[in-house]
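Labels for the chains are A, B and C, by order of writing; each one numbers its residues from 1.
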Amino acid sequence: MDCLYVVSLVMRSEGFESYRCDRNMSLGINLVSMSKVLKTMGKDDSLTIRVNDDSDSIIISMESQNQDKFADYELRLMDFGIAHVGIPDTDYSCTINMPSSEFSRICRDMSIIGDSVLVCTTKEGVKFSAKGDLGQGCIRLVQTANVEKEEEAVIIKMKEAVALTFYVEYLSMFCKAAQLSPQVSVNLSKDTPLMCEFKIAEMGHVRFYLAPKSEGDKS
Amino acid sequence: MDCLYVVSLVMRSEGFESYRCDRNMSLGINLVSMSKVLKTMGKDDSLTIRVNDDSDSIIISMESQNQDKFADYELRLMDFGIAHVGIPDTDYSCTINMPSSEFSRICRDMSIIGDSVLVCTTKEGVKFSAKGDLGQGCIRLVQTANVEKEEEAVIIKMKEAVALTFYVEYLSMFCKAAQLSPQVSVNLSKDTPLMCEFKIAEMGHVRFYLAPKSEGDKS
Amino acid sequence: MDCLYVVSLVMRSEGFESYRCDRNMSLGINLVSMSKVLKTMGKDDSLTIRVNDDSDSIIISMESQNQDKFADYELRLMDFGIAHVGIPDTDYSCTINMPSSEFSRICRDMSIIGDSVLVCTTKEGVKFSAKGDLGQGCIRLVQTANVEKEEEAVIIKMKEAVALTFYVEYLSMFCKAAQLSPQVSVNLSKDTPLMCEFKIAEMGHVRFYLAPKSEGDKS
């Protein structure tokens, strides 16, 4: 991983009502345009996404439930000049499962204090801390003994304690995916990018990778 | 019509609780000021608007229902130096009645793709299309066969098919009036300004006129 | 009072669940930081604020109800170089009690018309008026004879009529406290700063003082 952060989104074919792919393809999609177009969908519309062979555009078609409105968008594909970003499989030292809304709040709260957040795990729980011009702050989450609702649990699986520093701005950005899933899994190992995963129902997941700040980095 | 767009608002005297006008008058009102002042009204206040003979200001008085609060505003009238904008009566080739929220959405969706929208009518329905840097998009509305709610109907009355291009920015601006009425009527003829009308209850209407883009215009 | 406006906030020790103060202290707190940190509190969290002897920071600790989340913030104190702003006790000529939402609205409405507002009290009621480029406006509030809800009453206690002009921008700023209390008390005397008070439940109050505009000030 030669970059600061990487996003990986997996949506398995079983998750679609109908799915056909004759050969593997890499498509360079302008996410800003794609997202604008997808937002035009009505809540009961059905959606078809299509790329024809040798085409340089992606076709997005929407149809209203009672078939009285049809929208077709054709967006230009982009040539990124990259085939694949390699992300090595990692056996993480520490995995924290927690409510995604809680992770989101902690990132927001730490960003008030400083640009980067130090994440420390111990057997008792996980500690997030930050320093800055105003002063300093820290938040400790205790592993939940037993919770009524599974999605409110904080569970820490730890082989080895870790203490890693990350730019909180990127973590906050990742947390925009918090609405996809009530729980997030944050995976940490020494000198290894953090991986945080939000499940997408039974269909797949989105994973964010963020390189830790090295000691020499200016905060 | 020597301008790009014109707005005409008609509120008939029967619509007012009390209405008195001794002689016809043309008043130049600063709409921004007027709108700011009208927004100060409480929801159960009564409103009186008055212009005295030979006055250069309009007086707006509000009174709370239980008569414990009185507000009076006196706004300067403006001299536009114009008596009347002539809008010729037109027998349009094509009239589209549709839900105003739908028209509003289509304008918003087309504005994602391009600066201008091509409106084409056929016997089957109406097609809106746009092109731009991202790619292209089009939305087709089918005439509704039978709808339960009259206000959800899409009805196209057509003497002759039309294909006209308009700046979508102005159409979007007109759609701010969509909350006045559940239905909008969009009227089109070749080489003639579009007229779109929102009814104001039993009291009157607001009409927006927009000149089509000529072929030579840069999109 | 050598400044344009002063804010004074009193929260009595009885209002706290636990309160300990060994000796009087003046603390210079950065309100922007303090407010950011306090906003991170969950709605059922408990809050402890602490300053140690000879410390140059204030410690804010929050604890979730079920004791699974702990947050500690340490904010630097500031040295204002001032011990106390003297505010002389005043026996005001005129006290207006009114719904704080109404006062807030009047300030907002007058700010549409001009930069400053003239407040005139008479036996019948109170009149707010403003002038500006658009024209002029005035709002009269009548003393309420009898109201069902005490918090909706407008009550004017007057020893002497007053007519004072204030910058409406500051009054609007004070009105941000309107959510603390359903009623505001506005106190006026000739050539004396206005004092407007919002009660904080049974615990204390916040008072805002604003010097009147002198005749010579540019509006």
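We take it that a contact is a pair of C-beta atoms (placed from the backbone, for glycine too) under 8 Å apart; a residue touches a chain by one contact, two chains touch by 3 or more.
It should be emphasised that the depicted structure is a prediction, and the values quoted were computed from it without experimental measurement.
Go ahead and align chain A to its copy chain C using Cα positions, then give the rotation in degrees, nearest 5.
120
Is it true that over half of the residue numbers where chain B touches chain C are used by both copies, so same, or is it different?
Interface between chain B and chain C is built from largely different residues.
Counting only Cα atoms for the centres, state how far chain B is from chain C in Å.
Between these chains, centre-to-centre, one finds 44 Å.
Could you check chain C for residues that touch two or more other chains and list them?
If we look for residues of chain C contacting two or more partner chains, we find none.
Touching chain C in the complex: which residues of chain B?
The contact residues of chain B facing chain C are 30, 33, 36-37, 40, 57, 67-76.
With touch defined as at the start, can you tell me which chain C residues reach chain B in the complex?
102, 105, 108-109, 112-113, 134-142, 144, 154
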